[in-house]
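We just call them A, B and C in the order they show up, numbering each chain from 1.
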Amino acid sequence: MDSLNSLMDGFGTALTPMNLLWAAIGVLLGTAIGVLPGIGPAMAVALLLPVTYGLEPTGAFIMFAGIYYGAMFGGSTTSILLNTPGESAAVVAAIEGNPMAKAGRGAQALAAAAGGHFIGGMIGTILLVVLAPTVASLAVDIGAPDYFAIMVLAFIAVTSVLGSSRIRGLSSLLIGLTIGLVGLDQMTGQQRLTFGTLELADGIDVVIVAVGLFAIGEALWVAAHLRRSSGEPVPVGRPWLGKDDVRRTWKPWLRGPLIGFPFGAIPAGGAEIPTFLSYVTEKRLSKHKKEFGKGAIEGVAGPESAASASAAGTLVSMLTLGLPTTAVAAVMLAAFQQYGIQPGPLLFERESELVWGLIASLFVGMVLLLALNLPLAPVWVKLLRIPRPYLYAGILFFAAVGAYAVGGEALDLVILLIIGLIGFGMRRYGLPVLPAVIGVILGPAAEQQMRRALQISDGSVTGLVNTPFSVTVYAVIALIVCWPLVRKLVPGRRKQDEETKVSV
Amino acid sequence: MTARPNTPANTPPSAPPKEETSASRGASWLREHSELGVSLMLFVLGVLVLTDALTMDVDITQRGPVGPKTVPIVIGIGLLVLAVLLSLDVLRGGRGESETGEDIDLSEPSDWRTVLLLAGVFLGNAVLIGPLGFPISGALLFWGSAYALGSRHPSRDPLIAAGLSLFTYFIFNNLLGVPLPGGPLMGVI
Amino acid sequence: MRFRTPLALLGAALLVLVGPPLLSVGSGGDTGTQIPGLRFMVPNTPGGGYDITARTMAKNAEDAELNHNIEVFNLPGAGGTVGLARAVSEHGNGKLAVSMGLGVVGAVRTNNSHETLADTTPIARISEETDIVVVGKDSPYKTLDQLVTAWKKDPAKLPVGGGSSPGGPDHLAPMLMARAAGIAPKTVNYVPFDGGGELLASILGNKVAFGVSGLGEYRDQIEAGELRLLAVTGPERTPGMDAPTLREAGLDTDFTNWRGVVAPPGLSDAERDKLIAFFEELHASPQWKDSLKKNGWDDAFLTGEKFGDFLAAEDKRVESVLKELGL
């Protein structure tokens, strides 16, 4: 009840004309930045840090929150339309969204994404209000062995997106893991696969890998087989979600936050793993499994909802513990420190007006974003009407801009091209691209958590299973792995099985 | 790293079928089984990862069973195993399905000229962005790509390319404060 | 019609050639500018320590009307050595200042970088911050003495967490402590974390025996009683913090994490003095004093030769520790 009152006061703060203006500027900037390649929300907030000197803190943070959420909305737009994810959380949106866009359902994909962001963000923010204290105390108890267990679960889940051929899917995953090896070993500082170049010491940026495999690979593949005969443009289609679409999206929208929010709140969680897990979950649960990979709307709705909810979860640990769980949170933390405010256990007492104003502005920002993005969806889709040579030249152009903006290194462009050629070859020989990207993201994180767990236990293997949480996760993994066996042994109850599966 | 999976298929597919000599049968067998190139790439990658891991000198005290070498070794062995499995699969007649899409016409033979041209243009951008600056190299990238993809508007294309490149430069450099190299005339004018 | 194509080509060429300089006109030509076109390079990602320092300095210098339009750009990579290499290659460029600190000294060593800080022109040390030794509130260790006693008995069983990778500040501090306590640094079980967030969770959850980090990051958690402060690593006590220095607690060493500015090599004396004068004026400005207070940075201003000597001494110290570790 206490937090409800504070929230009401917060709305009082957020709805003042000035703060509304900052929220509006924030979401507009955020959306624009999300649409631009190579500039993720973290970089955007960091670049705007100096602006805060001229602002009082409440206004500044309301604007930052708007940028954060807005960039999430905008990030999926280019993923869906051009297949160029600007940041790793938007990778999944490209997988189902881009085929939809090409089939003339771009507006629906964008609407499903916007709806997902809205609902995910709303539920996430409500959870933030209700659960902030509890989640914060739970987050502290989660350590390296637990992360590793979660990542093993994620790897197991990945096998279900390996595509039609297991061998080819695994090959793709291992190519991704290999790319993930490049760079300094986090634990000891050993160079791995860097061939002595300093530029490779930080590894290959995930954005470069994703843009290379998706955008460049796709552009080259299309170039090799461009349908020159048909001059007709991609149909834009109806601008809104049809009844059928809504029937297919509302459940994923609601399920997304359940996966996204907890991951956002735990350190080392972030938005990538929950988007993958949500994607896999939706694929499992969908009645339209065959459409997956060719443009299933559930595969856009669920992950996008999860991504937004994880952003809300991120704010929980940042505000209550001073724990930055993602890059954006780290930059926002730095912004707090600019004002001499230290997020942490005392923040809610000391700066209650600021915090609740910020939380209330999240709700306001979300409404603004939905109002902005739904009508814009059909406008964005017109991008696809551009003549094919210009469209694919533009994709190559923006991919290059994005890769260069990340680090300002010409070498990144060469790496981008090499990865693009790998992506081209993978398309030619039916190696699915997604497992490779997952390998790049999950591989290094899993290795680091495993080794950290082993180091904390001083080398004893029991260090991997010494927490109740990790044991539970491994039990779940065992169940998933054994489930097909169990099903075979218990015949005759198939129908009921399927019913429970749908309602989960 | 640059091992390209498509190398064996690089032989021009447009070569007309000649009479049944053993050489041409060999060539067509290779074309049929060009996916073996993927196995070869996985194999080379595996060897590369293993060599890198085994030649790493770890002087720092290692704690526990897992050091900086362990994971690369596992991945390297995995790559080798998959290379073998994939070869067996291909020789038994397994084929990866080429990806399809709206703009893709698989009935046409692969157009290698366009692909090579695009790759060349992109590489040119990487080389030129330093000396010539982003606006010029970016415009060349867009123009060249559009040309390679079949756009033939000699007066419209360069103008669109230059405009897009300059506009992007302006957004990143001036509005967002992400500095991009401006070109040879920076500081002269 | 025949002329349209050449005209279009000419127009396009003009656009990309003349456009960029025209767009950037006004950056630096104004009056009141001491060093026109001054740029700050940040050798790590936006939001990091060097980034915040550089952007704060740029903003303060503009507000104090010392210089207009200072461009801050990031060139991250390999703990700062990629940026360092670029700076060294900009031989004779008197309009570039690199925001750096102790972390870069360590990174040069761990990455076996060809370019070192000895190749640069030292300009000024800007600020410093003490590291702290902290444990969770329900840790069995109440004083540094208890901790060190247990640590000596079995260093491997007492993992120490820090926010930097090997060679970085949070790694060097516990190694220096171990050496002072008579523990071989090689036996120290140091667990690196990405930045402060995961580390904080691990200290609070007693996943690591103790943590070493910058004071600024955890000031509030200490005040809230979530973390127990056992010692500060600086040579003197920190006002407002109820904790001894390492020396007072019986470990004969001290350690501060500092930040500073270097410039490319090959500057003329006049160019170098101009840069130093710029930072001296910045240091004297009320805006900068305000920023120091806001960010909780300690003033540690040192310029020119003296800063160069300091750099060399720090490099030696870092090298000796890392050598013992075999890095």
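Quick note on the criterion: a residue touches a chain if its C-beta (ideal position, glycine included) is under 8 Å from a C-beta of that chain, and two chains touch if they have at least 3 such contacts.
The UniProt protein names, listed by chain, are C = Tripartite tricarboxylate transporter substrate binding protein.
Keep in mind that this is a model prediction, so the values were computed, not measured.
Visitor: Based on the averaged CA atom positions, which chain is farthest from chain C?
Guide: B
Visitor: Between B-C and A-B, flag the pair that has more C-beta pairs in contact.
Guide: More C-beta contacts join the chains of A-B.
Visitor: Report the inter-chain centroid distance for chain A and chain C in whole angstrom, where each centroid is the mean of the CA atoms.
Guide: Averaging C-alpha atoms per chain gives centres 30 Å apart.
Visitor: Report the inter-centroid distance (CA atoms only) between chain B and chain C in whole Å.
Guide: The answer is 38 Å.
Visitor: Which integer distance in Å separates the CA centroid of chain A from that of chain B?
Guide: It comes to 25 Å between the two C-alpha centres.
Visitor: Taking each residue of chain C in turn, which ones touch at least two of the other chains?
Guide: Counting only residues that touch two or more other chains, chain C contributes 73, 156, 166, 189, 327.
Visitor: Note the residues in chain B that touch 2 or more other chains, in rising order.
Guide: Within chain B, the residues that touch at least two other chains are 60, 63, 134, 165, 177-179.
Visitor: Which residue numbers or ranges of chain A touch two or more of the other chains?
Guide: 43, 47, 187-189, 191, 408, 455, 458
Visitor: Enumerate the contact residues on chain C facing chain B in the complex.
Guide: 4-5, 7-9, 11-13, 15-25, 37, 71-73, 156, 166, 186-187, 189, 325-327
Visitor: Taking the complex as given, what residues does chain A use to touch chain C?
Guide: 42-43, 45-47, 49-50, 53, 139-144, 184, 186-189, 191, 198-199, 201-202, 267-268, 317, 321-325, 327, 329-331, 334, 337-340, 342-347, 407-409, 452, 455-456, 458
Visitor: Could you please specify the touching residues of chain B with respect to chain C in the complex?
Guide: Going through chain B, the ones touching chain C are 59-61, 63, 133-136, 139, 154-156, 158-159, 161-163, 165-166, 169-170, 173-174, 177-179, 182-189.
Visitor: Applying the document's contact rule, which stretches of chain A touch chain B when the two form their complex?
Guide: So the residues of chain A in touch with chain B come to 33, 36, 39, 43-44, 47, 99, 102-103, 164-165, 167-168, 170-171, 174-175, 177-178, 181, 185, 187-193, 216, 219-229, 234, 387-390, 392-394, 396-398, 400-401, 404-405, 408, 410-411, 413-414, 416-418, 420-422, 424-431, 443, 447, 450-451, 454-455, 457-461, 463.
Visitor: For a test of understanding, state which residues of chain B touch chain A in their complex under the given definition.
Guide: So the residues of chain B in touch with chain A come to 1-2, 4-6, 9, 35, 38, 41-42, 45, 48-49, 52-53, 56, 58, 60, 62-68, 71-72, 75, 78-79, 82, 85-86, 89, 94-99, 101-106, 108, 110-112, 114-115, 118-119, 121-123, 125-127, 129-130, 134, 138, 141-143, 145-151, 160, 164-165, 168, 171-172, 176-180.
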